[in-house]
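Some structures to go through are shown next.
Next, two complexes with chain A in common: one pairs it with chain B, the other with chain C.
Coming up: the complex of A and B.
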C-alpha cells in the first residue's frame, strides 16, 4: 500500500476546497497541481487495489503488480527522455501531425469559407462532410494502407482525414455566424465581391476559425496513436504499440503522459495567435 | 470461466483478434488460460507475470510465402528482401534468424517487418513485402486467392515447429490443478482425434473445418479444409508435450537476438506435469456434433452482413 497517496489525496482535496481563500497569484499554480495530485493519488491507489499476492508451491509469497503506477511511469519517462528515444519519436510524430494538419487546413479552411459564404455550396458539401466526419480514423487504416502503403504517407493521410472535417465544419459555422449587420454595413459602403470577403467576412470569422483549428489540432494530435498503428517504425504512437507488444507497460503510460504534455504545448502555441490584434477583438474576456 | 456437465467441465472460449489484448486480459486475470506464440509466453514469464506453458497448441502449421511470380526460389534468394513476421516475440521470427545462421547469412541480410497476421496476405498482394511467414490460415489464403506461393512449409524448415503454446496462470495451476488437467487432457484428446484418421481420408479434419469455419471463426470452411488437408501434414495436433531441448534452443535464439532480456531455465516457465501420456487419455470422442441448419442460420445472422457472393456453379 502506498501511504504517500493516502496522505496526498486528502491534502490536495483540502486545498481545492479552500480554493476561494487562495490569493490570485498562488491559485494559478496551486489549483492545477492539486487536481493533478488527486488524479495521480487515485491512480496509485487503484494500482495497489488491483495488485495481488500469489503464494507459490514453495510457500513463498509474491506481490504481483497488474499495471504500472505513477512512480513506474515517472521512471519510464526518465528512461525515455535520457536515452534520446523520446526526442526521436516526438519529432517523427510532430512531423506527421504538422503535415497532416497543415494539409487539412490548406484544403479545409477554403472549403469551409466557401461553404459558409454560399448557401448552395453548403447544400452541396455539408451532407458529405457530416457523413465522413464520424468515421473513426481506425476504420480508415486498411484504406490508407491500400492507397498509400506502409510509410509516412499513410499516417499523414489518417491525420488529414481526422482533422479536415472539423476544420471544414468549424470554418463554415464561423462564417455563417457573422452578424448580418457587418455584411450589410459594408455593402452600404459599396464593398462587394472578393473585397467584401477579404475585408469583412474573413476577419470577422477569424476568431471562431482559430478556435475550430485548435479543436482540430487537438484531434489531429489525439489520432497520432491510431495513425502510427500502421507499420511505421518511429513516433510516439509507434512507441506505445511497440512497448505494449513488448510488455513494457511502464513505457506505455510514460508515452501517454508525454503525448498529453506535448498536446498542452501545441494548444498553447496555437493560442498565441489569439493574442494577435487581428483576432483579439473576437474574445470578449481577454 | 467454466460450467460443469455430465461429460466434464465446459470451458468457455473467448476469441481475441490480437495478442496484446489477450495478454492484458491474462495479466488482469480476466482469462485463466490461453494459446499464444511461444516466445511471447516466455517474455511474460520473464517479466514476472505468473504464467506457465503447460502444453503445445499444435506442431507446424506455418508457411513462408512469396509472391506468385516472384523470382525467389530458395531461402538465400530472400537476401535484401522484406519479410513480414507476426511479431518479434514469435517463433517465426526466431526461425528466420535460425535459417539465416544456418545459411551463413549475416543477421541483417533481410528486413524482418512486424505485421499483424491478418494483414500478411494483403501486404504481400500489394507488394509492401516480398514474403511473409505466419501461421495458418493466412498462407493458405494467399495461396487460394492466387497471389501467393508457398516457398516452404514448416516441415522443410524446422520440422515439428512450435508456434502456439497453452499458457495457464500460475494461480490457477496452484489452486485448481484438476481443472487444468482436464483442460490439457481435452486438448490432447481432441488433437489425437484430429490426427488419428489422417492417413485414411481425414474425415475428422474435414468435419472440424466445416464446424469451426461456420460456427466459430467466420472463415470459409473451404479455406480451413485446405489448411487441414493440403497437404495433410501442413499442421499436426499430436506430440504436444513441451520438449525441453527445443525450448532451450528457442531460448538461446531469443537471448542471442535480444528478443528476451535474460536466459531462463526450462522449469521457470514450463510445467510439463499436466502433459498427458496419450495412451492413457481416454476422453470419449466420436465425431464433432454437426450444427443444425437453425444453428448455422443463427450464426450467419449474428455475424456482420457481408456482400452477397456470386453463387458458385
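Coming up: the complex of A and C.
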C-alpha cells in the first residue's frame, strides 16, 4: 500500500538516533522534520491497517478507507487553500481569537497586576479565579448562547472565558515573584503610586506576563473549534463541523492541520516579543 | 569629631517574629555617625548589620529606641539617602542611562542629561549609556548602581555588601573607586561588609557587631593615612585586633 511510509519511518528514526552527531545548524531543522515524518508515517500506516476490502453487490472488491491519510489531507489542504475558503475561515477565526484574547488581556493583566501587588486584593479575588478556571469553556456554551445569542459575540465570549484565567493567574504570580530589591530601590528614589507600577512592577513582571500570555493564546486558539460549534457560518471550527456533516473527512483533517500551523505562527509571533531588550533579561540564564 | 552628627541611633531594638518564638535582630544599639564620615558595619552573617542599615535607611522601623537623621526621626525611605544593594538593585529592563536617571525624573531634561552623563563618566561607563545590564559584567553593573545613587547628590549612601558578588580583582578596583568618589563628593557612607580588609581600607571607623542578639561589640577607630594597605604602619595591629573581636584566631 504505502511503501513510502515503511521506508520513511525507519529513516527518520535513524536520523533521530543520530541526533547528537548532527551539526548545530542542521539539527534545528532536521530533527523536527524527522519527528514530523515519523508521526506522518505512523498516521499513514494506521490508515492502511484500518482500511479493509469490501465486496460490492457487483462482485468487485473495493478498498474502503475509514480514515483520511496524510496524502488525502494534503490534497484537502490544497483544495481549501486554492478555492479561498481557507483564507476566509482563518480570518474569521483569527478575528474572534484576537477579540476574545485581546479582551482577556485588557481585563486580565490589570486584574493580575492588582491582585499580585495587593495581598488583600489577592485574598478577595484568587479563590473566585481558581474556582472558575477549571470550568471547561465547553460548559459555558449554553450560558454564552443565553447571554449573547447565536452570534459572533458568543464565540468571542467563550475565547475570553478560556483565556482570561490563565492571564490573571500568570500575571498575579509574575508580580508576586518580583524581587523585593527592585521595589525597594524604586521607593528609595521616591517612586510611588502609579509611577511605581509603570516603572517597576509592570516591567519587572513583564517577561513572566508574556509567558503567561503565550500559554493563554495557545488555549484561546485551541478553544476556537468549540467556540465555533455555536452556529456561526464561518471560521475553522465551523469548517470542521461543516466538513464532518458533509462526510468530507479529508477536509476535517486538513482544517486540523491548518489550525496547528496557524497555532505555531501565533506562538512564534508572541515569542518575537521575548527578544526585546526590555524583557530579554527575564529569559536568559546569564 | 568636629562635624555635626548626621546619623543618631539610640537604644534601638529590633525583633522579628518567627514561627514559634522570635529573633532579636538588634539589642540596645547606640551609634553616632558624623556628617561626611565613612563608617563600616563589620560582622558575621546574622549579626544585624543589614537590619541596622535598613532601619537607618527607613525601610524598617525599630521596636524600641530612636533613629534620627539631622535631628529628625526617620519616617521612611528618602531620595536624599540612597542604597547600593549587593546585586540586582539596578533594573535589568532599563538601559544604563535610564537606570542612572531614575532619581532625576522630575528635573528639567537638559539638567537631567547633564547630570546623568556626568555620573556615568565618573564611574567609568562612558560609551555604555545605551547598554542593558545583562550586557555588562558584575563590576560594571555595580558601577551603574553607584552612579544611580550618586546622581541624586545624596547626603548619605548606604552600601549593603556592594562588592560581595564580585571577583576579587574587580572588588579591589571598585573599592579604590568608592574611596575616590567619597573623597570627591563628601557624603556620609554607611558600608556593610564582612571583609576585614575591605573595612580597614575604606572606613574612618569600623563598627564591629556580634550576633544573637545583634549588638555593637566595639567601635574601632582606623585613623590610617590613605591609600592604605597591609604595609601601612599600624595596619597589622588593627587587623589583628579586628580578627580577635570577630573571634577568628590568627
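Some observations on this one:
Everything that follows uses one rule, which is that the second predicted complex is superposed on the first by the 280 of 286 C-alpha atoms of A that agree within 3 Å, B and C clash if a C-alpha of one lies under 4 Å from a C-alpha of the other, contacts with A are read in each partner's own complex, and residues count from 1 in each chain.
Everything that follows uses one rule, which is that contacts are C-beta pairs under 8 Å (C-beta built on N, C-alpha and C of every residue); 3 or more make two chains touch, one makes a residue touch a chain.
Being a predicted model, the structure only gives us computed values, none of them experimental.
When the shared chain is aligned, chain B comes close enough to touch A:57, but chain C does not.
Using the contact criterion defined above for the overlaid structures, shared-chain residue A:110 touches neither chain B nor chain C, since it reaches no partner.
In the superposition on chain A, A:32 contacts neither chain B nor chain C.
In the superposition on chain A, A:150 contacts chain B only, with no contact to chain C.
Of the two partner chains placed around the shared chain by superposition, neither chain B nor chain C is touched by A:265. Partner contacting the larger number of chain A residues, of chain B and chain C: C.
By the document's definition of touching, of the two partners only chain B reaches A:66; chain C does not. Once chain A of one complex is fitted onto chain A of the other, the partner contacts of A:206 are limited to chain C, with no touch recorded for chain B.
With both structures placed on the common chain, the touch criterion links A:244 to chain B but leaves chain C unconnected. Taken in their complex, chain C has these residues touching chain A: 57, 59, 77-79, 82-83, 85, 88-95, 102-103, 105, 132-134, 148, 152. Those residues of chain A that touch chain C in the complex are listed here as 179, 181-182, 184-191, 195, 199-200, 203-204, 206, 277-282, 284, 286.
Those residues of chain B whose C-beta lies close enough to touch chain A in the complex are 19-20, 23, 27-29, 43-44, 47-50, 87-89, 113-115, 119, 122-123, 126, 128, 170-171, 174. Those residues of chain A that touch chain B in the complex are listed here as 50, 52, 54-57, 62, 64, 66-67, 142, 145-146, 149-150, 231, 244-247.
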